[in-house]
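First, the structure itself, so that you have it in front of you.
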C-alpha cells in the first residue's frame, strides 16, 4: 500500500505514523521526494484511518510499485531540450567504445548531419575477458564530451562501478546501467539519489518482474527519470548472441509508465540483423532505439560484429521514414511527425 | 557433398557408385525424386571423378543440406491457385480447435468476407493435460472441409500422429506439424513421401540447426513444399507463455531458401500482444502469419487467452495495410501490392 | 476430483452419473481399469452425494492427478521376476544402438557376468540429422531378443512411432519413450491401453508438471507401470550437452508415487562425467540408472562420446558398492542389500 | 601465450619486450605478482626468442588462462590454520542474513559444537525488491565478528559494492562475490589487488567459460586464492528456484585447478531438497558445502524457505559420515579422514 501525504505534512507526523505501523508489525519506507510512504505488506487501509495528513492511499498488487501503471500513467522528461518518454521516440547511436579522437569526432559529425540528438560510447567497458580492450577510461569520457559539445549531442554512457559515479555523471546526460548491473541493487539505490536520467538495460536473464523492481530501486530513492532498454535475453541456441524479446516492449507498456527503447545491436549481435530488428521494435511500439555504429566496423576494438557502418545506418533511417505512419510517435527532430 | 546426376542416369549406375563409396568408407543417401545423392562425410571430390554420369557436385558446409541457401535460392509453390513462398506473404487464420458447426462456418464466412484464403483449425489437439478438450477428431475435419468448400478456403490442420496421416491428408491442403512433433523424425521421413505442403513449426526449444535438419528430413524424402513457422520459444520468464524469436525470421532467410511465417498467437500467448507481434513479424520479413481467431474468444474450448476477436483481427488487417510500403511483398488477394 | 466406485458398480450407473455431471456443466473421464472417474473441474462433492455406488472421493489440487502422491503412495511391479519401483533400484545398460550381432552379444555376456538384469539398445534411433545412422530396425530388435534370451536379460528399447508399437512390444520388456516423444500425447494415450511397463523420459525442456501430466496420459488409459527417467535438460551453456537436473529426483519423489531413474549418459553427454553423475543420482535417491556402454566406445555408430567402456562401467559398479550404506535400497541382484 | 620470467628480470627488460610486442601488433598484460606476462593473441613463440630473460612459455588454448589446468595443477591455501582447496573439503554454514545478536551467537555456538570452522552471514543483502529486509549493514558485520571470535570461526560474507570493500575486508576471512556480481568486472579487477581469499559464486546464467574468465580477472590482479561456488542456474521450470548443476563440479575439475564448492541452499531454494543435493554434490567431488541454517527457519527475515533447522543440519552431518568412504577427502576437523 502507498500512502500519499498532503502538501504540508511534517516529518514528525510521518515518523509518528511509521512508529505506529512498526508497532502493529508493518515495515514502511518513506520516499520524501515523492511525498509518499510505501507499506509493502499492509492490505487493510483501516490502520491508517486516524492519520488525517494522508491525502490518498493506493493498493498496488504487483511486487513493483512505483514503476507500475497503477502508480502513474506516463513518464516524459527532457534532456537538454529534447523530449524523451512514453509519448516520444528517440534514436541513440554511436560506437561500442570510444577508441580515438578521430573515431569519435567522425561519428559525432555524422550523427549531427543526420539530425540525431544522442551519442552513445563506452569509456569503461565490461568485457568478458580481462585480456580484451577495456576502454580508454576518463580520456574516453573527455573525448566524448568534446565531440558532443562541438556537434550538439547529448551523451549516453555506461556506469560500471559506483566509484566512477561522479566522473561519469559529470560527463554524461543519461547514465546507462548495463545488463550485468541491472541487479546491482546497491548501485541502483545510489542512482535514486542523483539528478540524471537512467537508461536501465534489462539483465540478460532478468524476468519482467525483476526488471521493474530494479526500476523501483531507483525510483524509491526519488529519481523518476528512467528509460528501460531491451537488449536481448540469453537462450539455448548458440546460433545468435541473444534473443531479442520484441514482445516485452508492448508487455512492459501494459504494466509500467516507463518508456522503453530497444537495443537491437546487442539484441541480435549481428550487424546484418540489426536494421530489421530495429524496424520491428519500432513497429512494436518502442520509444526509441540504441544502435551501435562505427566509421569502420571491421576495425572496431569491441563488438565489431554488431556495429553498423554509416551507410547501413543511413539506410535504416530511410526505412524508418516509410514506417512513420505505423509508428505514430515523433522520432527525434528531422523525423518528427505530429501525433 | 551432394552429387547431382545427369538426366538419364540409371538406377544401376547409381548403385555402382554407392557401392564404391561404401567400400572406401562413405555412407551415401540417394534422393531419387531430386536426382541426387547425398554423401555427408565426403570432402574430396576426387573419389567421384570416374563416374561420368555425375553432372555436378556441391559441397555444403552446414549440417542441413537440402534446406540450405546453397542448395537453392527460393521456394515458391501454389496451393489451389494461391501462391505461397519466399516471394509472397499469406495469412492463415482460424480457431485453435474446431468446436462446432456454427463456430467454424461463422469463422469461414468471416475470413471469406475479408478475402483471407487459408483457414486453420485443429481436429486432433495436443493438450498438456489428458483432462482437457482434445478436439472433435474426424468430425472436426469434416466440418472444416464443408466450411472451407462453401467459402473457398484452403485448409491448414495439424497431424498429431502418423496413424492419422491418410485422414488428415484427405481433408487438408497444408499439413501442419506442431512444435512437439518437429523432432519426430519418423513422422518427418514419412512426410517426405507425400504430395502435400508441410507447415513445419519450430520446436519450443529447437535450435535453428535442428529446425533446418527437420526440414532436410522431409526434403530428403522428396517433398520440397515446406513452410517454416516461428511460434515462440520457451524461456525463463513466466511473464509470458513463450518468447517470440522475431530475429529468427531474417536469420532463417540468411540460411535457407524456405519461406518462413510467424505465429504470434502461440508466440506470445496473449491476445493483447498478438497484433503488435504480427506487425513486427511482417516488418521483419515474414512470408505470412498464422493467427488464432474465434467468434467469441472467452468461450473458446482451448487457447482462449490468445484468440483474437473478429474485430481485433480486422483492426490488424487495417494496420497491415499501413505497413505495406515497408513489407514489400504481395499479401493474399485484397492485400496484394506489386513487388 | 476423483470418484472411486464400489466393486460391483455397473457401466449403466456410471453413465448415469456422467450424464448428470454433463448436465450441470462438468466433463468427466471414466477410467474403467482403475475403477474410478475423473472430474477435473468439480470442486464441490455435494453434486455426487446421491450416487451411492461411489465408495470415496478424492480432491487432488495438482494438474496431474493419477501420478500424484495423493493418488497413491508407491509403485512397485516386477518384470520377469525382477522387482522395479519406488522401493528398489535397478541398473539398465547397453549400447545406444544395436549395431551388429557381435557387439550386442558381447555386451549381453558382459552384463550377465556383472549380474545386470536389463539391457538397453536402440533399433530405431531418433537422430537429429537424416544423414546419420538410424538403427538396424527390425533386425536390431531380433538381435537384441536373441542376446537377451541367451543371457537372461530383460529388454528396454525405444518406441519411435505408434506404427511400430506391435513390433517393439513383441521384442521388449519395457518400452522406452524418448524425450522427443514425452509430449506426443496421442502416443501416450495409446500406451495406456497396453500391458507393458513404460519408461518415460523427461522432455529436454519439460516442466515437472508437464512430465507428470504425460504420466497421467498413460495412467488414464489404465497402464500404471511407469518409470520416470531424468536425462538432462537443455540449458544456455554449450559447455555440456545437457544439464542433469539431479534435484528433480527428490522433487519428483515429493510429488509422485512413480519410481524415477537417472540417465547420466544423455544427462551429461560425456563419458568422463557419467560415473560421477551416476553416483550423485543414486545418492539423490534414484530408483536406478540407465547407462550407455559399448565394447569399443570410439567405434560406436551413435553417441560415441558418452558411452562407457566395459572397464569404466565395472569401476562404476565397484564405486556403487561403497555407496550402498548411503543408498539404502536393493540394487539388482548381486548388489542387493537389505533395506 | 604466457611468458614466465626468470627470477631477477627487471621491470625495464619486461617493458622493452612489451614495447616490441606492441610494435608487431600484440597487446600484452604483465602480472607482476605471478612473474609472468600474458600475450593473448600471440601464437608463434619465435617473436619472443631474443628475450633471454624468459624462462619458459606456455600456450593455453582456452579463453581463460590463469584459471586453467594448464596453468597449474591445484590450488590449496589456509585460512587461519584451516586448509582449503583442491585436496580438501570444508563446510561453511550460517544464516542468510545476520538478524540479531541472539540469532548469530546461537548459530555460532551451534557450529562450534559441531566442529564447523566457517560461519556465513550477510550484512548487506542483495534483495530483488527494495521493500525487503536489506541487512543490518555494518552492525551486522560487527555482530558476526564478535560471534566468530568467541566461537573460533572464520567469516565468509558478501561484498555487494566496491565502496564497502575496506569494511567487508576488515571483518571477513573470505570475501564472497554473489552471483549477481560474478560479471562485475570492475569489482573483480579490484579484488585481484587484495590479500583475501575470494569465494566466487557462479552467475545465475553464467557459462563455464565466463565463470573461469571471471576467476582470471581476479587472478590477473595477483590474487590466486579463489574458491568457485556452484549455486544453481536459472531454468524454464518455475517448479524450483534454480537448477543445481551438479555436473559442473567434475566439469570444472577437468578444466581448472581451482577448488569448487556447492551451495545447495540457493541451488535448490527448498530446505527439503538441501540435504539430498548436499550429499550428491559431495559425491560428485565438491571441495565443500555452503549451507544456510537458522535457529528458527520460519522466522528468518530472508530466504526462510531454504534454511535448514539445526536438527536438519546435524542430520546432514551424520549422513555425510556414511558417505566418507565415497568422498575421499578430509572434511573439516571432526569429519577429517586420511586421504
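Note that the chains take the letters A, B, C and D in the order they are written out, and that residue 1 is the start of every chain.
One rule holds in what follows: a residue touches a chain if its C-beta (ideal position, glycine included) is under 8 Å from a C-beta of that chain, and two chains touch if they have at least 3 such contacts.
On a predicted model such as this, the values are computed, not experimentally measured, just so you know.
Student: Looking at chain pairs B-D and C-D, which one is connected by more C-beta pairs in contact?
Tutor: C-D
Student: Going by residue numbers, if over half of the contact pairs line up, that's a repeat, so tell me which of A-C, C-D or A-D repeats A-B.
Tutor: When the residue numbers line up for over half the pairs, the pair is C-D.
Student: If you average the CA atoms of chain B and of chain C, how many Å lie between those two points?
Tutor: Chain B and chain C have C-alpha centres separated by 32 Å.
Student: Between chain B and chain D, what's the gap in Å when you average each chain's C-alpha atoms?
Tutor: Inter-chain centre distance comes to 49 Å.
Student: Distance-wise, how many Å sit between the C-alpha centres of chain C and chain D, to the nearest whole number?
Tutor: Taking the average C-alpha coordinate of chain C and of chain D, the gap between them is 38 Å.
Student: If a residue has to touch 2 or more other chains to count, which residues of chain D qualify?
Tutor: 205, 209, 234-236, 238
Student: Enumerate the contact residues on chain B facing chain C in the complex.
Tutor: 27, 29, 38, 40, 63-65, 124, 126-134, 160-164, 180-181, 183-189, 204-205, 209-210, 213, 216-217, 220, 234
Student: For the complex, which residues does chain B have touching chain D?
Tutor: 234-236, 238
Student: Help me check something: in the complex, which residues belonging to chain D touch chain C?
Tutor: Listed in rising order, the residues of chain D that touch chain C are 205, 207-209, 233, 235-240, 243-251, 254, 267-268, 272-273, 276-277, 279-281, 283-285, 319, 322-323, 325-326.
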